[in-house]
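Both complexes below contain chain A, partnered by chain B and then by chain C.
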Partner chain A sequence: MKRILSILLAFVFFCTAFWAVQRLLMPKYMSNPFEGALTAEYYRSNFAHDLIIIGSCEVYSNISPVVLWEEYGIPAFIRGNPQQLMWHSRAMLEDTLRHETPRAVLLSIQALMYPTPPHDGEPYNRMVFDGMRLSLPMLRNVRESMTPEESMLSYVFPLLRFHSRWQELNHEDLQFFWRRDPVSINGFVMRADVLPSGWIPPPAMLPDYSFGQQAIDALYDMLAITQEHGIELILFKAPSLLPHWHNEWDAWVVDFAEQHGLPYFNAITSTDTIDHQYHTFNGGLNLNLAGAERLTRYLAPWLMDNAPSLTDRRGEPALDAHWQQLATQYRAWQAAQEAEIAETGRVYHSILLRNALS
Partner chain B sequence: MTFISPWFLGGLCVLFVLYYTLPKRAQWPLLLLASLGFYALAGWAALAAMLVTVAASYGIAMHMSKLKIAQKAHVAQHRDSMTRDERKAYNAAQKRRQRGWLIAGLLFNFSLLAAVKIGEALARIDIIPSMIFFVGISYYMFRICGYLIDVFWGKIEVQRNPLKLALFTIFFPYAMIGPISRYHNVADALLNEKRIDWALFGRGLQRMIWGFFKVMVVGFRLLLSINHLRATPGEYSGMFAFFTMLVWGAYLYADFSGAIDISIGIAMCFGIRVEENFISPFRARDIFDYWRRWHITMGTWFRDYVFYPLSVAKFMQKWPTRVKIHIATAVTWFTTGIWHGVAWNFIVWGLSNGVVIMISQELKPLYERFNKRFSFTKTKVYTCFAIVRTFLLLTLIRAFDIYFDVPLTFRHFASFITNPQFGAFFRYFGEHEVWFGLAPLEWLVAALGIAVMIAVPWFRKEEKRRPPAIFWAALVLVIFIFGMYGLGFDMQDFFYMQF
Partner chain C sequence: MKKITALVLAAALLGITLAACGDTTTTNNDDNDVTRTTQVAPTPAPTGEANHTFMFNNVEITMGALPDPVLAALGPALDEMREPNCAIEGEDVTLRFPGMILNLTYPADGTAPFIVSVSLIDDSVGTPEGLYIGAPAADIARLYGQYDREVNGFYYFNQGRSTLEIAVRDGVVVQIIYQYLFLD
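Now for the complex of A and B:
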């Protein structure tokens, strides 16, 4: 009996210590790269979103959920991560459906241009999946996303991946052991500063303009999933100057959208409201706050016209109160960034929401 | 596949469950299947070579056994009709026939081993293309040849079931890295039906954990530094070279004894006890003591099957005893070197051991007189001196395996005197943030690991006071945190798996 008790005690000790050490050693993503905290941020929201926006920085920097709500009454959440590939997006969609069923999904199709998991894609895989709750769909998507050096087990037990961080532990690891601060407002990452686009290299001719099969399969999967759940799928391309979006690619997407009766909004060709001398914070790759708000104001009416399931939900007290709170944070963040820009010309400190709100 | 693989560990768990839940008569066939599967993962050609060896050895052992039985029957039948001289002559003739078969078997097996070793040596210097890696061939060859010799000597009964003999030869925990078990030591445990012995199972798990700690926390960490140090050996002479030799010794012990601990631990979990291979080798007081503590099963194999038979061989009888012993010692250590590989560094390593042993044997009377005359030789301080002296001596001998380059190793020895670089060595630590490929904190972990490894003579405490379960839980956690594995770490095979 004594031996069994001692073994039980050792087991409990091991599990507890393993959990604690794992939590300590996992990156907290509370400063650079804070985008790794975006996936987990979704679980803090109240799961009442009519529109889920899925994609890479082409969505989380470019569309403002607060403008969507305040001006059009669409409650939206952005599920985006840096370099989010199509199969990552499928993982986001499947994960979302475990918690809520939105009326519409706006999907960035830019990642179709990436045919297979890039060799150096491990950090991006981690940013997508580290914050995601463990589930079978998640593991299936992990399997498709992994680089050859990665192991599935390290996504179930992240300690196996991050154990060597014991040398890099800092105050942030202790500070955020129990809690996390928000890094976005409903998935939106704000940048109010301006870095105009300079010389843009001409698009390189490609030997083959076909998309990769893995990316196409993920798109078809998302189409099937949304159809199965009665969700409207809307395709979207942000007005980025880089990486270049070839006409041949666009033609494929247009064709695909027509074949399946999907609305497709290509902001490169659909709008001339974006001026990359003023509306970008990184030389034309992504929009800054002014650009994001402009694009959102252009996109939202088109959405209302093309996605009938999206209606104006303003006036619902619970939603109003929730969004009022988010809008207040949004304005505070904006004010902090504008103050820092006035002082230094760029956004450094207030890039983090918690710094802006503190 | 190595022991440090989630697939291996997962498969092992399944195997434990099957082993103890299936009918007991299925236990040894299950182990054989698992061993064949494990070996097949190393390559079909390697598996085929192993099976050919087992088949040939089985046939020869059976034939020797038949000859023995026929001999006994003949002598019994003609007891009255044969004179003593006739009986003697008949027995001698029969023995010669059996010896002929034994030599044929040994020649066959060692030819295969030699072909593989020579092929590897030629491939190393690009004379022939790279060969298939016949993993663990040195180990199973020695097991099976030991078996043949024991059958010939009549020490053991012949194994009539070839599958059981195959299991003895390639039982997967010791297939790749040893220990080099003897048939009479493990056969019963391997082949008997067993109920689970929870105490032994628990000790097996603990032994595995201990092995993983040595290999993953200490061995693999030091290997990073070793790889750095030998990448540019010309730069690191004098004290640097001496430091490399010290690190090499610690690495080799952690890697090899750790792998053996895992191997022994797995066998224990199956209810099978195999021989110990290490008994605190860094506590040895002289080279004889060292070889009773380091790679014990290899040492005893060469002692029993090479040294002793050679010492008493007829053709040696014309020499005085001391000459006989020296010749046998030289041959034994030459073959020990060759066993490691057909390369000058291994041969010089083997012969260096032999030379030191021969000198020690010659000086033995002098030492005994010295020890008798001076009482301080019985103090702990002198014991420590003897331990350090032996450690340093073996550190130098072991150095031949670091660079696989004999002239370079000798140049490094010479540099201890001609260019010791004391100042440069100690300045190095102040001038660099990373020390020989490892960050200072990594060195701290390695040093603590080495201290724990040397301070805990596992086998002695095993049966007495064992640490509580919580200690093992903590050690597993230490392995998870400080072990070298995962992304960015290039996992390499155990050093001794190449033999």
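Now for the complex of A and C:
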């Protein structure tokens, strides 16, 4: 009996130690690149979103959930990550459906231009999946996203990839051992500063404008999943100047949307709304806060016209209270960034929400 | 005593598990640097490899080469655009000179920057062999011989770890791009 107890105790000790070491060595994503914390942030939300917005920085910098709520009554969450490819977006959708069924999904289609996992894609894969709860769909999506040098096992046991992290542990690894601070407001990453667009190189002609099959397959999967769950799927292209969005690509998306009866909002044509001299923080790649709020006010009425399931939910006490809290944080973040801009001209310290709220 | 032995054995097993990870990557002092976990960087061409070279104002611009000596010889560009990587270190830089655009990349993993491509944008400059934007398509075969690959009117001539892409529309050369093939 004593022997069994000893073995059991040793097993428990080993598992606990393994878990603790893994948790200690796992990147916390609480400073750059803080975007790696976005995936996990969703699990702290109230899972009561009528609209889930899925994509890369083309959505998480460009659409303001607080404006969507305050002015249109649409409770929304952005599930975005840097360089989020189509198969990453499918992972986000499948993961979302494990927790809630939104009425509509707004999907950024910009990533259709990337045919396969890029050779240097591992850091982005990690940012998408490090914070995602383990599930079979998650593992299937990991398999499709991995570069040849990656191993599936390292996604199940991240400890296996942290060779030299021992030497670099610092106070942040201890500070955020048990908790994480928020880095976004419902997936929205704020940048209030301005870096106007300058010269943009002319786009090169391509020998072939076909999208890659892996990206197309992921889009079809998302179409099937949303149809199966009775979710309205809406396609979206942000008004980015770069990477260049070719007309041939857009024509394919327009055809796809028409074939399947999907609304498609291409914000590139919203030139009377977005001015890349004022509404961008990085030269036209992404919108700043002013641009995001303008685009949201341009997008939201169109959404309500084209996605009938989206209705004004303001006046529901639980939602009102929840969004009031988020709006307060949003204004505090904005104020901190505007104060820093007044002092330095740019946003550095207050990029991190926790710095703005402290 | 047995309990202690069991705990020691468990700790040793954990140690072995961790040691098995090895220590093969370079270190970096940045906090939470996810790029450290991947060393899957493009391999810059070794010096002397016979990649395509474009000549501009007597400056040799070899695909895959280090940018700094070339930039010093070229002098200031007319225009510049910097496109930082999303969320992680590294950026792509595009520079416009009269008649051509030069692309450079500064990899996220800290490996050496390199010249990615040169695009000819008007007929004020030509290739060392004499091809220029607006030249008749027949000049391609005369100047370069047999192509390695053709896709929808785009002709590719490979050399080392680089390619010369020449696009033809309506019998006329409309695009000339030298590219470093940094992917295996």
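By our rule, the second predicted complex is superposed on the first by the 353 of 358 C-alpha atoms of A that agree within 3 Å, B and C clash if a C-alpha of one lies under 4 Å from a C-alpha of the other, contacts with A are read in each partner's own complex, and residues count from 1 in each chain.
Just so we're on the same page, a contact is a pair of C-beta atoms (placed from the backbone, for glycine too) under 8 Å apart; a residue touches a chain by one contact, two chains touch by 3 or more.
Bear in mind the structure is a predicted one, so any value in this text is a computation, not a measurement.
Novice: One more residue to check, A:L174. First (chain B), second (chain C), both or neither?
Specialist: neither
Novice: Looking at A:S151, would you say it contacts chain B, chain C, both, or neither? Reply first, second, both or neither.
Specialist: first
Novice: Which partner chains sit in contact with A:I7 here, chain B, chain C, both or neither? Use first/second/both/neither.
Specialist: In the superposition, A:I7 contacts both chain B and chain C.
Novice: Now for A:Q83: first (chain B), second (chain C), both, or neither, which partner does it touch?
Specialist: Touch partner of A:Q83: chain C, not chain B.
Novice: With both complexes superposed on chain A, which partner does A:V21 reach: first (chain B), second (chain C), both or neither?
Specialist: both
Novice: Contact-wise, after the overlay, does A:L134 reach chain B, chain C, both or neither (first, second, both, neither)?
Specialist: In the superposition, A:L134 contacts neither chain B nor chain C.
Novice: Once chain A of both complexes is superposed, is A:A224 in touch with chain B (first), chain C (second), both, or neither?
Specialist: Touch status of A:A224: no partner.
Novice: I want to verify the contact counts: of chain B and chain C, which reaches more residues of chain A?
Specialist: For chain A, the partner with the higher number of touched residues is C.
Novice: Which residues of chain A are in contact with chain B in one complex and with chain C in the other?
Specialist: Touching chain B and chain C on chain A: residues 3, 6-7, 9-11, 13-14, 17-18, 21, 122, 149, 159-161, 163-164, 167.
Novice: Name, in rising order, each residue of chain A that touches chain B in their complex.
Specialist: For this pair, the touching residues of chain A are 3, 6-7, 9-11, 13-14, 17-18, 21, 25, 122, 149-151, 153-154, 159-161, 163-164, 166-167.
Novice: Using the touch rule from the top, collect the residues of chain C that touch chain A in their complex.
Specialist: Going by the criterion above, the answer is residues 2-3, 5-7, 9-11, 13-14, 17-18, 21-38, 40-42, 79-84, 86-88, 94, 96, 101, 107-109, 119, 121, 151-154, 167, 174-175, 177, 183-184.
Novice: Where on chain B does chain A make contact in their complex?
Specialist: 6, 439, 441-442, 468-470, 472-474, 476-477, 480-483, 485-489
Novice: Can you check the complex and tell me which residues of chain A touch chain C?
Specialist: That would be residues 2-3, 5-7, 9-11, 13-14, 17-18, 21, 27-33, 35-36, 56-57, 82-83, 119-120, 122-124, 126-127, 130, 147, 149, 159-165, 167-168, 170, 172, 198-202, 204-205, 207-208, 242, 282-283, 285 of chain A.
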